Amino acid sequence: MTLDAHTVHDTELIQLLTPEGERLEHPDYPLTLTDPQLRDLYRDLVVVRALDREAVALTRQGELGLWPSLLGQEAAQVGSGRALGAGDMVFPTYREHGVAYCRGLPLLNILKLFRGVDHGAWDPREFGFHLYSIVIGSQTLHATGYAMGIQRDGGRGAGIGDAAIAYFGDGATAQGDVNESFVWAAVYNAPIVFFCQNNQWAISAPLERQTRIPLYRRAQGFGFPGVRVDGNDVLACLAVTRRALDLARTGRGPTLIEAFTYRMDAHTTTDDPTRYRSSAELEEWRLRDPVVRLRAYLTRSGQAEPEFFDETDAHAKREAAALRAACLALPDPPPAELFDRVYAAPHAVLAEEQAAYDSYLAGFR
Amino acid sequence: MTLDAHTVHDTELIQLLTPEGERLEHPDYPLTLTDPQLRDLYRDLVVVRALDREAVALTRQGELGLWPSLLGQEAAQVGSGRALGAGDMVFPTYREHGVAYCRGLPLLNILKLFRGVDHGAWDPREFGFHLYSIVIGSQTLHATGYAMGIQRDGGRGAGIGDAAIAYFGDGATAQGDVNESFVWAAVYNAPIVFFCQNNQWAISAPLERQTRIPLYRRAQGFGFPGVRVDGNDVLACLAVTRRALDLARTGRGPTLIEAFTYRMDAHTTTDDPTRYRSSAELEEWRLRDPVVRLRAYLTRSGQAEPEFFDETDAHAKREAAALRAACLALPDPPPAELFDRVYAAPHAVLAEEQAAYDSYLAGFR
Amino acid sequence: MNEAIETMPRPRSQTLTLAKALGQGLRKAMADDPKVVVMGEDVGRLGGVFRVTDGLQKEFGEDRVIDTPLAESGIVGTAIGLALRGYRPVCEIQFDGFVFPAADQIITQLAKMRMRSRGAVELPVVVRIPCGGGIGAVEHHSESPEAYFAHTAGLRVVACANPVDAYWMIQQAVACPDPVVFFEPKRRYWDKAQVDPADGGVPFDRAVVARPGTDATLLAYGPMVKTCLEAAQAAQEDGRSLEVVDLRSLSPLDTATVVESVRRTGRCVVVHEAPVFGGFGGELAARVTEHCFYHLEAPVLRVGGFATPYPPSRLEDHYLPDLDRILDAVDRSFSW
Amino acid sequence: MNEAIETMPRPRSQTLTLAKALGQGLRKAMADDPKVVVMGEDVGRLGGVFRVTDGLQKEFGEDRVIDTPLAESGIVGTAIGLALRGYRPVCEIQFDGFVFPAADQIITQLAKMRMRSRGAVELPVVVRIPCGGGIGAVEHHSESPEAYFAHTAGLRVVACANPVDAYWMIQQAVACPDPVVFFEPKRRYWDKAQVDPADGGVPFDRAVVARPGTDATLLAYGPMVKTCLEAAQAAQEDGRSLEVVDLRSLSPLDTATVVESVRRTGRCVVVHEAPVFGGFGGELAARVTEHCFYHLEAPVLRVGGFATPYPPSRLEDHYLPDLDRILDAVDRSFSW
């Protein structure tokens, strides 16, 4: 069989760090990080997990309506998030708290969304991080169109262009929009990375409900490369995303990355996963924990002292406490916010409704 | 690279008959046809072409609103159409007049649709041929669901089940629905054949607007076999479709067939292809004409006498004349047809509208 | 089918939540007709995110309670195909806001196929949609898209408002030879009522007077029926008698029942959660006015959502019609 | 931008078809702002199946006049992405009946993003839709889906009715910071009028009195404006003076202009091609009645399509409002 240059070379999982914390080399994905860089990655993982746990706790206490936890997916998110450049634009789902963190978006913004204070009202350009997208798959087309815009702008800087990266789940791969974005990206050779976090479940639907072959191979059918990376290995996620971004920036088009990982928590705080999956599966994945793994490596290689881990934990705890405090201090939005940012230009019907509602409310005062 | 059993074995075009009419053998697609069977295929091609030409003429004369010609695609349609069994169900686009003919659907039904007499009011079960589908791609999901129904019925007859076959064009492969049908068919291992007539154009959009790799390879990305057949070779189309149907019937799931062919005429009678494609391209494809090819083979091999060709032409002429006469005799539908088959059970709003319109019309009498 | 019922022990009346009543109705429909299949995201093993289909997969197997891939166009499109092969699929759209990827299959295919085939093809497909707000949900989980479907000829559009109707209407929807878009008021899923499986239910294309009254008519469906009943209760304490009509069916609309009520009361307020602008209330107001022109003491007034996307949940109490806004409209009607 | 205009020779008035006027308007918009891109199926090399974008690709190149793959969700979804990168995409949906695969991107994404981002994100995307029947087309090519979008908060929905408005409104739509669904009456594509590029046009959210009259008001938009003008002409010959209001914008609706007219005439007939049931006419009737209750001599009457899918073309003359049906409604209004 003849395969063109765009198909993947093997079915192996790209891994640079074993679950036991042993460092592996991969010819296609060389990666050199300094000790501080490694420690930064570890700190990201720990902080992101702590913030996520805090959000879950806040939800249990009724402070948030719902929370989709990233537990277990920290490495996929931090690894890919830290591969991004300032000019890149992220198109997330609703679970990319770790990527948001890497982009400098204060997580309070995301808590506001799940508290029902707003719909996620940050400015995507400020952070290179678009609004959360709850309608499964829809954001992949936005990312692709954005990448087409990059092409039309021409590359920025010294021959290095921006790139778009679309995040989505294993479940999303069944949606028409995601496949259309593959068509578009391939046809226009758009500077985009498709980053699929295969966390094995779409609520209660196991992977085999969406596909009968490994997901990264989907890209073959559209004529661009697909690669499966160990999603619990932050180094591999970083290296693989970097390379895909590099391809995108240099006119070599889209890549699909399947980050093979696991959703350790429930789908969201309202879900009951005991209805559909076994605790044995969970236990198995616990052995591949992304945070423990990097810690083992740092310890084993002497790249971090015990105090570093203590400091990191303390730092994470402070961050979480600050997030909690800020969340509890959030004021409810005033009713005027119902009306005032729907349209940029005046809209007579809405203006009329607002006036009527204002005078209705005034009747109670 | 490791490939599972479901990926295709080569990139070659399956061909059993060269453009010059030479018979080739293919190890995977043995085909033995008697002389009468071969002559029947030839007759189908000629009749189908004649009926299509008649419909174009009727359109030019204002008798039809529009006609999407199958010129050049006769072999793809007759080859696949003659591979089907009585219990199979076809889900066509709007161009499958040749398949319709093979299924025994009088083409007058299709002329009615394009004359605006009805929307194609035949009973799909009577012919194993569903209504035409104009909304690109929508029918592929219907076909897949139908195939899921076959699975639930259990195979009929002596271990031989029914199958569904979905027809669609190269342009359609960009639609979300088509890709979703690939997901579904793969996940449920449904008894379906996806028959894509790649006629190189989607109105003015050339193939490279929809894909950057050969279309049959799309199936790889979903985990089922894809094969490219010479769509102007009726024998190859027959053999390849037969085999795919056989896989479907025997629990071996879906196949994508890309019939590589060419739309010799305009997209429809209202299209002006000189705006977007060269006459040189057309001339090149004329050399691969599906009808001429089979005629050359039959002549060369002595499987048909000159009189046979004359008779066939005369027969086709008679069929076309009969179609024309029947078309011209079509009565316009009475206004009551507006209302009477929208709902099966009574619908108060519509009943009220109908009564009001009846009395309105009565006012003119 | 009838034999099966006869040989079954007489079913007993039960207290059921609306969600459970739907589940029981589906169970009955599946038991009566082996061609009925249930399909959607998470409907099987999980029993649906609202547990409406809880237990059905265990009872009827994976072939009849189908956990599908994650794509709504795929769900409705394959349901059409199953119907073409003789099945009666009941699709679940997980939340109102996720029906739009299926809009094409519903609007251009499901709704039109019978007419296109001049009756040769029947598509007895039910599309169940949990709808409406008031549960503090995140965006896209509180929509009221009924107007899109009520305007789509070829569909029947119904909305249940209580457990008894839930139980019967879902069965009638499954039995109906036409495609039905079936709205379920998600904030009422946990409301309870006594359901008597022997009663038979009111035909699902009829409106009912949910509470008789003499001074004005409130027209509502789905989640707003209960709110209107509460408003009528509050109004009674103020000496005003409001009649509440539960439309139950939007398409067809039971114009006769509505008109009879408004002619009697002379005033009408329409209530729905969807934005008023371009909403189904416009149809109701136009139709009522046409039929009751000389009976109306005031124009038909509409209470509903604003011409904005559904707001974040901390603002939804402002967006959703409540007792005060309904009674304010009633007051405006009286002081017209 | 203004400089460019100043240095250009003063444009001359031209006789243009509606299709050509749209093309000229787009050309002007593209010349004025390099961020404007046109995209869709067959819009480039072919110039669109109605030739609206004829010549634009030649003039502005393939990067700005983008022939896309064949998928409407993809077209609108990537247009959103382009807008997020600072472009102003104008998407063409080839025919009305093919907008539904894009319904999700339009309704859940395009319409809501500004509100969701509290104004941080603007999506100046135009979705052009040739609409309506009367051209003898095959199924799915004669739909009038405006009610779906008018009910979708966050969108602006406009419809042009003549070449002059076509020329100006398309430019205003492109310039508008909000997403606009732009309906083009396909059976009027070949209507001609004198277009003066110096005049400036009426703001695209205003209704205009297309023909003044005193006895009754006809409300219409898009393809039905011309039909109403003809009806008014015919009525005049019978001694009845009908005012025709061309709404131009459905969302927002210019209620003031409409109400002013109906208060003056005391009678109102709404005309559109879409099915009356659940259609935009319901909003108009409800709104007019609320604002003109004491001025109305008869209920607002609606003339439009029936609650059926669009019929085969040999029946479309029965389905589409024509002079007789409009004047019949006017008669009914007078004899109420």
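Brief remarks on what is shown
Each chain gets a letter, A, B, C and D, in the order it is written, and its residues are counted from 1.
Please note the rule applied: a residue touches a chain if its C-beta (ideal position, glycine included) is under 8 Å from a C-beta of that chain, and two chains touch if they have at least 3 such contacts.
Owing to the predicted nature of the structure, the values given are computational and were not obtained by experimental measurement.
Of the two chain pairs examined here, A-D and A-C, the one linked by more C-beta pairs in contact is A-D. The chain with its C-alpha centre at the largest distance from the centre of subunit A is B. The centroid of the Cα atoms in subunit B and the matching centroid in subunit C are 40 Å apart. Per-chain CA centroids place subunit A at a distance of 37 Å from subunit C. Separating the CA-averaged centres of subunit A and subunit B is a span of 43 Å. In subunit B, the positions touching at least two other chains are 118-119, 135, 174-177, 180, 183, 187, 209-210, 337, 342, 347, 349-350. Under the contact definition stated at the top, the residues of subunit D that touch 2 or more other chains are 68-69, 71, 73-74, 97, 100-101, 104, 108, 112, 115-116, 139-140, 153-154, 251, 253, 277, 306-309.
Listed in rising order, the residues of subunit D touching subunit C in the complex are 73, 97, 100-101, 103-104, 107-108, 111-112, 115-116, 139-140, 147-148, 150-154, 250-251, 253, 274-275, 277-287, 289-290, 293, 298-302, 306-309, 336.
Looking at the complex, you find that subunit A touches subunit D at residues 89, 118-125, 130-131, 135, 138, 140-153, 164, 176-177, 180-181, 183-184, 187, 337, 341-345, 347-350, 352.
Residues 41-42, 44-47, 49, 67-71, 73-74, 97-98, 100-101, 136-141, 276-277, 306-309, 311-316, 318-319, 324-325, 328 of subunit D are the ones that touch subunit B when the two sit in their complex.
Considering their complex, residues 65-66, 94, 113-119, 134-136, 171-172, 174-177, 202-205, 209-210, 270-271, 275-276, 332-333, 335, 337-339, 342, 347, 349-350, 353-354, 357, 360, 363-364 of subunit A touch subunit C. By the touch criterion given at the top, residues 1-4, 6-11, 173-177, 179-180, 183, 186-187, 189, 208-213, 217-223 of subunit B touch subunit A in their complex.
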